[in-house]
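To keep things simple, chains are lettered A, B, C and D as they appear, and every chain counts its residues starting from 1.
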């Protein structure tokens, strides 16, 4: 189908640049539609999962099993009054949701959902995604400022601090992937994970970069403001944080964008650490087991694997939201600056060492194989352990207080 | 996912500054998700640090003490439920026992045991609600639903017994309104038996969760002297290390006939307050189990069978539900005064009644435990972070109707 | 080092334990009662709408003693007007209860000397106007059969003339 | 403020008594109830007046219900010609240390009651808190009582050492009392509440303003002469 459209455009005799733009635009429309549907489904899923883990039923009135609940909510939000209170900065107040919403959806154009369902196959795709995802915090800060509400302001400031802190471990851990794969191109990253042909064992999260994965996961949850890092909208303290004053469509934009960024981050994580659109058994099952080579069917399989993997992580995020209490701002910052960032620096170091040893073997990308299981763990994580120990010796006093409180805990009488 | 690099915020640690900034006054409440009612806290914030906090109360003032002047004691009684609606059996007990003391009414043993069972069940419901909302204040949502699920079962028991889920109006001067329904004790036993498993589940989710520990350990440390000086009582005081439980020290009802422990903390921080309340639920279960076994006459079905069989011992004083049937409409307690304090889930619940020989009380004074407990919030909060406010406020377990009365 | 290890390891273990406990609930049946379809199982003593029982024949049981009105904590919520006919039998002219202000405490049911005013397990009392919540004698009274059925259900003696 | 003062002037005693006597008669207006109960009720209602007229005779004739009440009925007599109640443990302690308490016996729950002079209040409080024999370190509540001719403040003290309680009473002369906030900081809010509802000024209180009622409220609601017919109270006219 892609070929068909592509050929059609070519036959029209348009210049190549224009075709490129039209193609990217078309893909973006398709993907953002997919994204919209995914988000609408996610909102429902969140409510259902939160209901099930608390032994409730969740939405079940609108449509069969409540499937249309989010649609009804959306329609409701569309028709709600757009309230502006005196003293608000009208321009910023209106611009904020758009500034928050746009980057999260633009990211979708860069994510390879399948082999061909991809807006832009850029060689620096990973970099651009991080650049875009850090843009959305501008929207939150503006919303906090423009709302003329103290809760919003505190929420906006917290969000800015949080985004700055968590951007670093996020990028550093993704850098590990880039190092291992030798590229910033997302498609190549996926292919290099599939190159090992050991399926789930050749994906980066297990074989080479488990630490990177943990860092990436926790900082991505923080990046999208999910519990337990949902400080900018902590409802027990800040009522609703930066979107306290928003109603109607503007609120809907914030709401959608939050879920969209969670979805985008989960897809990115699957791409970076979980083999993207490949099956957990290596390659594609239709191709491998059933010997079907129909490109459209294969693409469906790819999309299915990606979506399944993504939703597993989304469900985990929902489970975490239901279980964990919220952190405090100082703890949040501390977790990032005192724990995640040193750890990811060590991680990068160890991966660099690994990479150097690998280049000696003559391969450009680090691939998972029988050899990988022995070498990286011994070399990289041995080094890592030593460096970690050194860091602890040097900066040991950082943890001292924690240790004290731990001892206090053990001495409790009740 | 472990949070490692956090520490105990200390007063003054964050206050270092050379830049000229302004403080921000945030008016938390009267409507706010975590003020548990209508409380207004005028908070002065320096960034995230709370510099000063001034509670403003009275938004829920329903003039309970004034209402007593225009109602006979019996007429006034249903409105007592609303003084503190989460554990209104305690309010009723304070009121009823004071009048009983003034009028020297005798209370049968069976009634005392029924009162004890209901009060302890009520303590559990109250602590459960506290547990749920405390965790919700800290940001965890499911524990609240689990707590409410269990609370629902106990409320159902109350509905079977009194006809209402929260506004019971069940105790009477010298007795209770009606005996337990047949088979009620078995239902209580069933709920009590399956409850420890649920408590273990809560503990698995919460008690050692690293984020929870970071949020509560060392936060809002209330020394014993500070607690006593500010009139803090109940679990919050016990968390500070003072073993003061009126059920043990000045036994009322039949608490001297059951065996239970008084959990005590040693630091007086939020975590200790959490642990003390959690242990109290287990102790309450202990009391209820013993009370069910010891209650004179046993289940009503048994008692009714004995009565139907003409057993005279089944009609003796201790097995009655009224010490003496009084005419409630025109009941006039003699002139006198009495003051009761009982150990409610939140602390000392006081009731001071002066009667002048008319059906109305001359003066009724309610001492809500939350009233004094709330006053300690301001000194506790100084120099801590804004989110600690919710942890501390949640952990001292304030209920606003009792503050404002 | 080992303490830190403990902290991190135990932290991960405890978070995992919490998540597992919460996830366990996915497989438990929901406890929700879907109210309009599934009515709650109310107990016999439920404090619901007030009603007046009648004799088995449908005549008034109330003797107009005002006891319920006097113990009501809400002031003039119950209003009774009565007179006696030639045989000195009380006749109730007017009996109104303002359910909009009723707090369902049950004081009136307790003091009624003839067990006439009782509480039903009917709790759906919403109306479109406050006036509609002021129930008069005819709205409050149950028929003779209903009253008998109520008495049987609650273990009261059947009213015998 | 001047308006407030006017309103708070105690009413003429005659008027107050008259209004008191109308209350029971209002109860009698209701027609008869269940025959058995009515008889009983009649008795207990009468007992008040009868007991005053000829206590000894009637007490014997009363039902068991009134027997319990009877000794208490005699109490008002005592007030007129007071045989002083026995001094309690803490009353004696206070007396031995140079204070001049008036012993009031025990309340229904067996708590000792002591009346002290308002000028001595703060010294007595400090003494009771610090003395090793009493150690009343917890102020449970402060309650105001309007006795129509005087305002009284009741302090309920509790000791976490001996687990005993004590009721201190002090009459607020000129509606003024020294504050005990410096002794028990918890008195802060309790005294504010008492000021709010009774209009008793606590001298030396750091922040004496209304706490439960709105700050612009007129009058002190728990005083017996407070007019409930205040038009501002009737906000929900039916």
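To be clear about the criterion, contacts are C-beta pairs under 8 Å (C-beta built on N, C-alpha and C of every residue); 3 or more make two chains touch, one makes a residue touch a chain.
Since this is a predicted model, take the numbers as computed values, not measurements.
Chain closest to the overall centre, judged by the mean of its C-alpha atoms against the mean of all protein C-alpha atoms: B. Counted by C-beta pairs in contact, the busier of A-C and A-B is A-B. Taking each chain's centre as the average of its CA atoms, chain A and chain C sit 53 Å apart. Averaging C-alpha coordinates per chain places the centre of chain C 37 Å away from that of chain D.
Taking each chain's centre as the average of its CA atoms, chain A and chain D sit 67 Å apart. Chain B has its Cα centroid 45 Å from the Cα centroid of chain A.
In chain D, 27, 33, 37 are the positions where the chain touches two or more neighbouring chains simultaneously. Annotation for chain B: residues 1, 3-4, 72, 142, 146, 149, 205-206, 209, 211, 329 touch two or more other chains.
Counting partner chains per residue, chain A has residues 53-56, 322-324, 399, 402 touching two or more of them. Across the complex, chain D is touched by residues 57-58, 61, 63, 65-66, 69-70, 72, 98, 101-105, 228-231, 233, 242, 244, 249-250, 324, 326-327, 329-341, 348, 350, 352, 354, 357-360, 362-363, 365, 367, 371-372, 375, 404-405 of chain B. Listing the residues of chain A that touch chain B in their complex gives 50, 53-56, 150-151, 153-154, 214, 218, 227-228, 230-231, 234-237, 239, 321-331, 334-335, 337-339, 398-399, 401-402, 405, 408-409, 411-414. Taken in their complex, chain D has these residues touching chain B: 20, 23-24, 27, 33, 37, 40-41, 44-45, 47-48, 64-65, 68-73, 75-76, 107-109, 111, 137-141, 143, 145-146, 154, 156, 158, 160, 163, 165, 167, 184-186, 188-190, 193, 197, 210-214, 221-222, 224, 228.
Those residues of chain B whose C-beta lies close enough to touch chain A in the complex are 1, 3-9, 14, 24, 26, 32-34, 45, 48, 135-142, 145-146, 149, 205-206, 209, 211-215, 217-218, 263-267, 271-272, 275-276, 279, 385-390. On the chain C side of its complex with chain B, the touching residues are 4, 7-12, 14-15, 17-18, 21-22, 25, 31, 42-47, 67, 70-73, 103-107, 110-111, 119.
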